[in-house]
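Structure first, then comments.
Which chain is which? They are A, B, C, D, E, F, G and H, in the order written, and residues in each are numbered from 1.
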Amino acid sequence: MDFANLDFDRKNRTGFPEVVFCQGKADDFIVDIFQKLYERDGSVFGTRATEHQYNLVKAVLPNATYDKVSRILKVFPSDYSEDNLIGNIAVVTAGTADIPVAEEAAQTAEYFGSKVTRVYDVGVSGVHRLLDKREIIEEANVIVAVAGMEGALASVLGGLVSKPIIAVPTSVGYGANFEGLSALLTMINSCANGVSVVNIDNGYGGGYIATQINRLAVK
Amino acid sequence: MDFANLDFDRKNRTGFPEVVFCQGKADDFIVDIFQKLYERDGSVFGTRATEHQYNLVKAVLPNATYDKVSRILKVFPSDYSEDNLIGNIAVVTAGTADIPVAEEAAQTAEYFGSKVTRVYDVGVSGVHRLLDKREIIEEANVIVAVAGMEGALASVLGGLVSKPIIAVPTSVGYGANFEGLSALLTMINSCANGVSVVNIDNGYGGGYIATQINRLAVK
Amino acid sequence: MDFANLDFDRKNRTGFPEVVFCQGKADDFIVDIFQKLYERDGSVFGTRATEHQYNLVKAVLPNATYDKVSRILKVFPSDYSEDNLIGNIAVVTAGTADIPVAEEAAQTAEYFGSKVTRVYDVGVSGVHRLLDKREIIEEANVIVAVAGMEGALASVLGGLVSKPIIAVPTSVGYGANFEGLSALLTMINSCANGVSVVNIDNGYGGGYIATQINRLAVK
Amino acid sequence: MDFANLDFDRKNRTGFPEVVFCQGKADDFIVDIFQKLYERDGSVFGTRATEHQYNLVKAVLPNATYDKVSRILKVFPSDYSEDNLIGNIAVVTAGTADIPVAEEAAQTAEYFGSKVTRVYDVGVSGVHRLLDKREIIEEANVIVAVAGMEGALASVLGGLVSKPIIAVPTSVGYGANFEGLSALLTMINSCANGVSVVNIDNGYGGGYIATQINRLAVK
Amino acid sequence: MDFANLDFDRKNRTGFPEVVFCQGKADDFIVDIFQKLYERDGSVFGTRATEHQYNLVKAVLPNATYDKVSRILKVFPSDYSEDNLIGNIAVVTAGTADIPVAEEAAQTAEYFGSKVTRVYDVGVSGVHRLLDKREIIEEANVIVAVAGMEGALASVLGGLVSKPIIAVPTSVGYGANFEGLSALLTMINSCANGVSVVNIDNGYGGGYIATQINRLAVK
Amino acid sequence: MDFANLDFDRKNRTGFPEVVFCQGKADDFIVDIFQKLYERDGSVFGTRATEHQYNLVKAVLPNATYDKVSRILKVFPSDYSEDNLIGNIAVVTAGTADIPVAEEAAQTAEYFGSKVTRVYDVGVSGVHRLLDKREIIEEANVIVAVAGMEGALASVLGGLVSKPIIAVPTSVGYGANFEGLSALLTMINSCANGVSVVNIDNGYGGGYIATQINRLAVK
Amino acid sequence: MDFANLDFDRKNRTGFPEVVFCQGKADDFIVDIFQKLYERDGSVFGTRATEHQYNLVKAVLPNATYDKVSRILKVFPSDYSEDNLIGNIAVVTAGTADIPVAEEAAQTAEYFGSKVTRVYDVGVSGVHRLLDKREIIEEANVIVAVAGMEGALASVLGGLVSKPIIAVPTSVGYGANFEGLSALLTMINSCANGVSVVNIDNGYGGGYIATQINRLAVK
Amino acid sequence: MDFANLDFDRKNRTGFPEVVFCQGKADDFIVDIFQKLYERDGSVFGTRATEHQYNLVKAVLPNATYDKVSRILKVFPSDYSEDNLIGNIAVVTAGTADIPVAEEAAQTAEYFGSKVTRVYDVGVSGVHRLLDKREIIEEANVIVAVAGMEGALASVLGGLVSKPIIAVPTSVGYGANFEGLSALLTMINSCANGVSVVNIDNGYGGGYIATQINRLAVK
């Protein structure tokens, strides 16, 4: 931890505490930073964690919980309650293989206090499945659209609803998807309006900005 | 014409005569090759022609016709008649800017003897426009789907109909469409089934293979 | 106009009327579509228009106005008034060369009813210029960050404010910026939170989604 | 299976049942979805399966069969018979290393009811091998051309036969083939006519669209 | 000429004199360098010249000749004679649009003393045209294969003949040929043996290395 | 070692001895080359070494030391002393994940005789952390700026200080960072002045050129 | 000028005044900003200017000078004298076509007070030309290496001299140079030490950082 | 072997027998094809073999030999003798890490009857090492230049010698070398003459075409 330079003022400036990107971090570092942040904030949130990292953290912070699908490792604040979640964010996926990224988005939003509606496996190669859910989706304040092989999901959604869409391309696919580049380009070039895009597989980023928008809508 | 090496046997092997890709060809060459092919076959078909090339050809082949939208320059065979067109090919576009490429496909198919149904400006950012045309499209033997900014059109079509789809990406768009590359990748990665893809802006190629399929369906 | 397939229901579904992407459209088509939309809606909005197109439209719709910087060609609704603009969108640029894209975003937002605060030429190579404006920017509900050579603007903003940021990469630059690709990648990879990205030079798209968010915040 | 959203109407719309893309799916999910689809349809078809997945499925569906080369895991319908296969699809490969993708195409087509003629290892670096097979290939209604290092196969075939060609680029090769990108570009740019292309290594997609065309030819 | 740093020793080291790449050179510079090299060597050879440059040079070096197709501007040595040309280089093209690059190769080889056999418009989409010329091509010591849309030419040639092939990709084509990149990748990945590749449109480079090989074969 | 061709004169020409790039080198080769260089120079320096390689070298050169973070394996000259380090190089990182590359730079510079000031984890998404360190950084003669997800660090630094900046992009990140390409493009396109860039993850190269500059400043 | 946000403190922070990137700037803006900066600083420096812009500026600032090769438009400070130039920067080019970028670098360095030694047209395809100049180059404090087709220049220089090298890739070339990308990659991947790289055609950036280093060396 | 389609006529057409690309081939297939070719030809040659494949083949063909560096697995013809090797091919590498690819080239050439001169580790970052070998290299009929990080080797060689150079880019390097792409582009864009390029890591291809040229030179 000698080198880590915690940003104590972040919550004041941005309304969100620091989070930990666990991928590739050394064992000592992970344990240390989870402890330091927990001591300061009474809670801590990490993405892209392994089960091994979970076990290390759990040994020192017994309240830590881990979700295998989203790979989120966290300690809730002591006063966290699902009853306090506000607003409504729809998290939508094209296929079932996109669910891990979608769960990262959904659980990020929930941790930061947003209510989430999940609408999964409604990709546009069977467009009626999506049309059937149009009203449920429109009820949300903001939509997180998660898709790999069917980046088209964002385009179709953009023309169906009035709410802003945060598109999250995933690396799901093979061949000329080039590990998510194709989905990213599809989404960036969508001629539907009201679509903006975050990094490939960046469920966390999608959940974060959706929470910002959801908070604005509730205020 | 000294260097051009006409492929006299092509029609026997492939069922289609040679065509002329006019773009960038020198004036002398264009006139010469149109004459040679007309003498041999009694008809001739050129793509990506300019009005200037049309004027040159018309001076020697008064029956030549030119369409500004598709940029096709041709002399119909003397026995050509719209009444003899067979089968049914649906040519579908996402936007109005995709129409020049779509017309290249449609007029190619018509020249080679196929009946064509045009369904234009039904891009998926207003997906009901496409759903309204589902039955008309399903009636065709094969579909040519032409789209630039909304490569998603092919994915949605693939899940709606039972007929093979030839997707033609167009260079329509700007920024990260990289002159059609984005639409091409979207179409190649479609997880809808029954979609295959030709080169960017290659309306001719789409019309050609659609004609092959249409002929098989009619036989 | 034979082929154009107007989407009459769009405003009901999405809360926004159809707009016209003027670039590359034929003269007849532009005049026709402006007239049709004006007749239906009493107003019409076009992007990437040329002065030539403006002159054509003005001849039939004398209320049409044109802005050379943003290249927006529009007829305001008869009841449009700046007094009715709601909320607050900050449009921020890195350099002066990014202003045309920023103005497309700002004027789009204003046309759709949002109040706009312009903060231009505050790129991060002179980061104090940006820090000086932090409070003005934080007051907005949503930020549109427009930058070419300095895609870094979005990263720095993301750590300074609590509001969602819509990043618009521009094609300003040369060499290895690859016509905006570099700025797009910088913005997509920003490890600051609360940043999502639209297509290169897509000021319109940035203004649209910012308006959606601004409306949510005001409601 | 909570999240999977089966598309019960797909067979009515498209003439094909749902299939399972097994790659990367969790064990529980694979067993569950094979059971659900088998209960509904009396048959089920999965691509890119591992032997491990085969063993899991076989435990609950003893009729399941698995082919190591094509990696297809399936349960035939009870009334499936090779005697009922219709028409003729030629599946052609450039080299022996392309055979796994070719078999995915061939066995997909057979499962969906098409007769298949295999013509393997006839790449154009020994073009007489291909010319020797010209008549056998021409007899088919449609050709699936599978090639990695020799994407040229599709171009040569396109000039030799009158039937539509579905080109499947493979990731076979090394260095500047960039995992199939080179073969894909070769095939997309072929100036032979009658060639369209599916995703890299997408044998399934090639077999599917070839079946659509074969059905049209037989009807 | 102040800055130009002529390499007087080059002919001793490499067996070839300096040549001038005329494209983009200023008028003064072109005249000056042609004069300097002519004074030193009694001859001079420039590629990618314009007619305007030809006129400038002709005014001071009346023996200068210019070929519009190859864009080569040169002054032959006074003892140059076609009777002294040695060996045999086959220059082969796929289409007629590849001829300008092929002529740059052929005329380069002739200037440097090689006999050239031209075999044009024998692309593999009509492979019999190529097979018909096999013996003529095999007679050469080395082959320059020039192709844009049909990079496949090099692969097929590689399997037909015993002589080394220098492949020259051209920028002829459109869409996903990406200005010759596709042809370059096709040629570099050819699994035929005996093929090596020079830069896109680099006819000069192809003619140069072919001359080196031809000289070795004659010695 | 039969094939290795040691460059005995390098130190005379460049002021630096040869170093060993250990990655992927065979065991025998590593031991042999470390011994040969140690015999000649009395010291030896290797980058990207594994612990396994360290153990092999330590067996024959007991003075060898290894640092797990930087992966540098070296034997100091017998007269090496920290007291002799000259000048001042600031090594700055955006995040903690960039530290391994930064340490390669820092320890390279120290081995070659430069004093180093480390300023880590001051990425621009919390720009005040960087501003707090401005004076410490300005005191250095040259700055090595190491960043992956936040290539923006170099731009902001460029506008804050008067010293040359050597930017080292890292492969830290995921998705559209394309293994460091995005950071490299961000840094190359920086419109801040005084920034130049070395290869992705090339801490060694950054430390080397910084030492050259530091030596000039001290002389 | 309403939007331009001049950075009055820049000279204090960085030791260099603001400069104007003239390319694409509107006429009014250019005149206005040159006047404003001249009033404030008594001098002004612009890059990538056209002759048209020069004429506009000259009308209001008669001391303005313009160099056609480097495209630099400037007004020297009243006390500027070549006698005050300090240190030594070698600007080296591979070919004559690289000279415009080299002159931008050289004249930038001179404007900012550095003495410059020009060594042009010493590309490595005639490596003795470079070896002949080794001593002249080694005498400089820092080297700016400018090359397009022969990015190799930086590698060879890196092994010949002890001074830091700032490599400037140029867009000179054709085909697979992809407008400078190839030269940039060659230079970034150089395994010679002491080489760092700025943007394609960025002579200004090369001259700037070379001046920073030269100042350090003289101090 | 059912599917393999041996090309019995290849030796007659091209002067070379078929070879086996062993990478990724199944165990049964490797044994079978080595036996079949050995029976027919009395010798057999395979590239990119593993030791495991060697052991399998050795069990049935005890004369098989394997070289770990080049990964070539072969059975020499019974009358093979080093005394019969003809001509001279220089195989040159930039670094020691390029030696495996160089040995594939060298041993391929030797198997096909050429004498080979190895000149290794003479990369241009220490250009005197290369100049020292100039005469040895010039004596060869043709040069194979193998380099990864220093693609520049081919450019420098091209200006030093009169013989044709076959450049083989290798995937040696890291970061922005993009697995050999950078070296390939450097070599393709070389402005030295007499350089042509084969695929990344394609030592076999380099050795093959060098043998063709060497045979021509000896005849």
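Some observations on this one:
The rule is short, and it goes like this: contacts are C-beta pairs under 8 Å (C-beta built on N, C-alpha and C of every residue); 3 or more make two chains touch, one makes a residue touch a chain.
Just so it is clear, the model here is predicted, and its values are computed rather than measured.
Interface residue usage between chain G and chain H, two copies of one sequence, is largely shared: over half of the residue numbers at the contact are used by both copies. Among the other chains, G has the CA centre that is most remote from the centre of chain D. More than half of the residue-numbered contact pairs at A-B reappear in one of the options E-H, G-H or A-D, namely G-H. For this pair, chain B with chain D, the centres built from the Cα atoms lie 27 Å apart. Distance between chain E and chain F, defined via averaged C-alpha coordinates, is recorded as 45 Å. Computed centre separation for the pair chain D/chain H is 36 angstrom, with centres defined by C-alpha atoms. Residue positions 7, 10, 21, 126, 158-160, 175-177, 181, 184, 188-189, 191, 193, 199 of chain H are each in touch with at least two other chains.
Contact between chains, using the touch rule, shows up for A-B, A-C, A-D, A-F, B-C, B-D, B-E, C-F, C-G, D-E, D-H, E-G, E-H, F-G, F-H, G-H.
The touching residues of chain G, counted against chain E in their complex, run 93, 96-97, 99, 118, 120-122, 126, 128-129, 172, 174-177. Chain D makes touch with chain B in their complex at residues 7, 10, 13-16, 21, 141-142, 158-167, 184, 188-189, 191, 193-199, 205-206, 208-209, 212-213, 216-217, 219. Taken together, the chain G residues at the contact with chain H in this complex read 94-95, 123-127, 131, 149-152, 155-156, 158-160, 173, 175-178, 181-183, 185-186, 188-193. Of all residues in chain D, those touching chain A in their complex are 3-5, 7, 9-10, 21, 23-25, 29, 169, 171, 179-181, 184, 199-202.
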